[in-house]
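I have a structure I would like to understand better, so I am pasting it below and will then ask my questions one at a time.
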Amino acid sequence: MLKAAVLGATGNVGQIFVQLLEGHPWFEVTTVAASERSTGRTYGEASRWRQTTAIPEAVAPMDVVDISPKAVKDVDIIFSALPSDVAGKMEEDFAAAGYVIVSNASAHRMDPDVPMLNPEINCSHISLIEEQRRNRKWEGAIVTNPNCSTTVLTLPLKPIYDMFGIKSVVVSTMQAISGAGYPGVASLDIIDNVIPYIGGEEPKMESETQKILGTASKPADFKVSSSCHRVPTIDGHLEAVFVETKKYADPAAVAEAMENWVGEPQELKLPSAPEKPVVVTSENNRPQTRLDRMEGKGMSTVVGRIRRDSVFDGVKFIALGHNTIRGAAGCGILNAEYLKVKKFI
Amino acid sequence: MLKAAVLGATGNVGQIFVQLLEGHPWFEVTTVAASERSTGRTYGEASRWRQTTAIPEAVAPMDVVDISPKAVKDVDIIFSALPSDVAGKMEEDFAAAGYVIVSNASAHRMDPDVPMLNPEINCSHISLIEEQRRNRKWEGAIVTNPNCSTTVLTLPLKPIYDMFGIKSVVVSTMQAISGAGYPGVASLDIIDNVIPYIGGEEPKMESETQKILGTASKPADFKVSSSCHRVPTIDGHLEAVFVETKKYADPAAVAEAMENWVGEPQELKLPSAPEKPVVVTSENNRPQTRLDRMEGKGMSTVVGRIRRDSVFDGVKFIALGHNTIRGAAGCGILNAEYLKVKKFI
Amino acid sequence: MLKAAVLGATGNVGQIFVQLLEGHPWFEVTTVAASERSTGRTYGEASRWRQTTAIPEAVAPMDVVDISPKAVKDVDIIFSALPSDVAGKMEEDFAAAGYVIVSNASAHRMDPDVPMLNPEINCSHISLIEEQRRNRKWEGAIVTNPNCSTTVLTLPLKPIYDMFGIKSVVVSTMQAISGAGYPGVASLDIIDNVIPYIGGEEPKMESETQKILGTASKPADFKVSSSCHRVPTIDGHLEAVFVETKKYADPAAVAEAMENWVGEPQELKLPSAPEKPVVVTSENNRPQTRLDRMEGKGMSTVVGRIRRDSVFDGVKFIALGHNTIRGAAGCGILNAEYLKVKKFI
Amino acid sequence: MLKAAVLGATGNVGQIFVQLLEGHPWFEVTTVAASERSTGRTYGEASRWRQTTAIPEAVAPMDVVDISPKAVKDVDIIFSALPSDVAGKMEEDFAAAGYVIVSNASAHRMDPDVPMLNPEINCSHISLIEEQRRNRKWEGAIVTNPNCSTTVLTLPLKPIYDMFGIKSVVVSTMQAISGAGYPGVASLDIIDNVIPYIGGEEPKMESETQKILGTASKPADFKVSSSCHRVPTIDGHLEAVFVETKKYADPAAVAEAMENWVGEPQELKLPSAPEKPVVVTSENNRPQTRLDRMEGKGMSTVVGRIRRDSVFDGVKFIALGHNTIRGAAGCGILNAEYLKVKKFI
């Protein structure tokens, strides 16, 4: 078993890392690190565990340690659920100390020498690690996963991109409250309400999508426009996607391309890889956030209502994915699995 | 005072008609008609009143009558909140019997000789009544208001259309449950959920928008693509709108065009006309469904986050309107006020 | 494997029966029966499956059959999720035809010769089957489980009853929408709302609690007063319970009594028996509906905030249980397991 | 017009004070005070106004000042919406400086020489002001209103207490999120959830109820036991109340007593006094939080389902009141109106 540390372990995404790693065949949480508010207490006390499954028995009694290479020692892999404002510097410190960090934070995602992996799509970007090590003169590495809403969007875009080409993408999101962490969104702000703004989300969706669907050295050249909204759902980001394609895209052919598509994680049978990265539903009122977010244990994106678009020469459809699993901790763990198989860990 | 009948008076939109007409300066509800389930009881008993204001005292004791010209007699104007599947024939019967019907039903909206008025935009379409009377050989008239989501969309589109021209519109809606009537959406289907489908809504938004922004005889020629979704809000349809314009549209200029725009209802100072059909908010996280839906007593559309679009040469923005007031009963009453001033009643 | 039929299989509780029986070690669903609306179609088509796990692959293609002993043949056990208004006669027909029916319907619960089992508490009431067979002259049997809110209440009452005695119980419920079935509660009736009335629920809670905690022949003699309310939660009934005891009841002693209590299902290690029928939490803001309803796979009641009461000489506490698992289908399956071990099947 | 200051004006209850005082016939907000975070900005900027009506135009441009007698000068009455942890000392400073403070904070409610008024019930307690001035050697005065849940409970208890006598009260609350202020309850904590704990609420309900229904010098001697819960509603506290009476209480007689009961505020026709302090509804599924919370402009308590209780010799019923209006700012304003008429201002 490889020893794993979780940074920011008491926050919402940190808890999902701890939850998903329970019983993992390759990784075992041996260290939990968090900010000063939490250190000196056990994880059970400090985390105020808020998940619907019980706190893992092995982790609950662990002492929460500082977020520093000195305090977090003797681990093989580090999962970072740090807030982006502190992640930038802290993750660099760990990489400089020789650690491989798989990060959910946005701080380094757009760095040209940092892979941002949605692994079925672009695990080849892992080659950037060598460049990163040269540039930064460290022996560790930082690997990131995309923003939650980007993760959900890019999975169904990839088979379209490969088969039909993409000229432009317009997307409106209906995002769950768990995406804002805890305490996150005030209940007075979201019950019987929609908030049509999520700070920083639209630029992220636009630039990250281009980076993921591009090559390691060059972003994809199609345009993306997004409008991001928070709705009163617990988990699961639902997105209305309009795609202008280069070649004529018949909805049935798009559905078939999505259903048949698998990536390297599926071929390698990585433990967290869902059987299908994209599941296509044919019922006219699906996917629905509450009913479909756990498809593929929360690691698949579910697509429905694929239809021709009346503005674009292309298609429109609905995509749904679990924001804290596929869109955060689950994607990070899948990335770590890939790194292990590729002997970076 | 003109005497008014409400058809389908016990349903949700019917109740909103009754609610909004309480204390109206020109119209007085003197007849309430509904299906067989309700006739023979008082309105108070039959309606199971579910609004947040008390049932109007004058209407509560009225006997509910049949939906037929024979039972509904001696009124000057008829407001129809009938379900669309029965409205088609019934409304024709009333028009044939000489009544002027202001209808919220979709049955006749797209008939070429029936005005579908969002009155600030296209009250000139009222001229179709003459054609309708010639074609149909009746002395009454049917005038409709658009679908709720179309009403909200078209108000802010109009000043853009006039000043910058429109090539295409992409819109994603986040619609409230009250739009589905009562009992409507099952709670098990919508709490902690988004339903990405509303039967018939997308085609309506696309064709109705073109009819309203066109001339009486010819729809506007821009393209519209919509994706419609139900979210867990009580009232208020929020829409993410992306517009490709013919001329360069600066967001500040678009905001100014919207704010300054008024229509004939404002000039005529009709009782239900809001001061501004479109209210522009500058806060980056507004409009919000719960906080802003009652703007202009529920008769204004609130627009925010006007920004340049990265796919289209144009702008994107958020629009919010109250679906059962501006998008249904309130728009019908405003139409009736206009008909009265124009001496059709 | 014993063959099982589910009556009313397309409704919400029927679906939970089908869901929970997937992979059951003893029972296998071989027949699904429902009303005329559904017959002639496959279960996959007719059920409009609405659970968060996928429809069991073995059941989806089955033809839905009539609810009659003629159509439902060749099964070893029948699970009834019938609506109470039709269950009375139909279940009798099946019993007369020799079947053992485990029913969630209220129709026969209060019949003196029908066991109503919350099995950790009163599985000895199974002895009533003999009386039932004598009285009714049939070879089959009807065994029921209690109302969902009663099930949640009675589990923590039992150890109090045994150790301290009970004089009276006052209980207020906060019940989930799934308890009303599908479509059940209209969303307009429950979002941002509490409905302080559930038809028939209060009398059921009062009489069923006495029957379950009594002997097979005589109800318990303490008094119960309930007030039942629907709140906007998906699953899980939370109850505020005030208990007047015969002997002095120290909260710590009550907690200990609850935690240590197990029933015959635990001793027999029945497949659906939770490790603990009652789980006591010491955090001051637990149990919470969303976080704790799946405790013991939805088969445990979680109790918290046990404290002395200032009106009664006794204690007050919070109890939470999963209404469609422990409070319906899960309890029925546990009853069937008990019947099998006792050779009634 | 009397000049009024609002302390803690930017918080949720502070905003409700500002909202309700707009257009008040006697009081005019001339000063808004808040903590350091807000001072130096206008009220419009600092308050991040979150109400469903527009921010009062006269107040929006006012500069927010410090919460000190020096900064808040030249006003006739002070409304305090301060958090309880700072209210204790600050309110004393204002009273010492000669001001009359009407406070929503809990800090001084249980002080024996401070009136806690739910004015229809106990405005005679105003006599405590003289004792307070003697004890504390100040010219000002502190007058409080009860906790929101207590306010709702005590209104319907009063006519029962007067006509039938009360031996004990058991009450379970279903309280709205706005009671926790802003940001208050995290949305992840309350959507699809019930939180069975509100810090400090149960002791307050128990002691405050006794103080209000007692004389100025002696609390009422009946016992109260409460269980307090937060549910996902925006505004409105709904309470299930069980009352043991001294004399036999017939539900119809209780309803009549409640309906006929008025207090001094009604007799004096105070501007904020509702026509009826308690409105009784006869429909079996009312009051409902969303539909009935605005009864009497949010100043009435609505009572329904009055029925005999099976545990107590007494009645049980449902009570609903608006927590931030009747239960906070509205009650404070009604108290101020009473103080003015009684010449304390």
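So that you can tell them apart, the chains are marked A, B, C and D in the order they are listed, and the count of residues begins at 1 in each.
The rule is short, and it goes like this: contacts are C-beta pairs under 8 Å (C-beta built on N, C-alpha and C of every residue); 3 or more make two chains touch, one makes a residue touch a chain.
Quick caveat, the model's predicted, so the values are computed rather than measured.
For chain C, the chain with the farthest CA centroid is B.
Two chain pairs are in question, A-C and A-B; the one with more C-beta pairs in contact is A-B.
Chain geometry summary: the mean Cα position of chain A and that of chain D are 47 Å apart.
Chain centres here are Cα averages; for chain A and chain B they lie 41 Å apart.
In chain A, the positions touching at least two other chains are 50, 189, 191-192, 232-234, 290-291. Considering their complex, residues 168-170, 172, 174, 189, 191-197, 206, 223-225, 227, 229, 231-234, 238, 240, 242, 284-291, 304-305, 309-312, 316, 318 of chain B touch chain A. The touching residues of chain C, counted against chain B in their complex, run 12, 50, 177-178, 182-192, 232-234. Chain contact summary for the complex, chain D toward chain B: residues 50-53, 191-192, 234, 290-291, 294.
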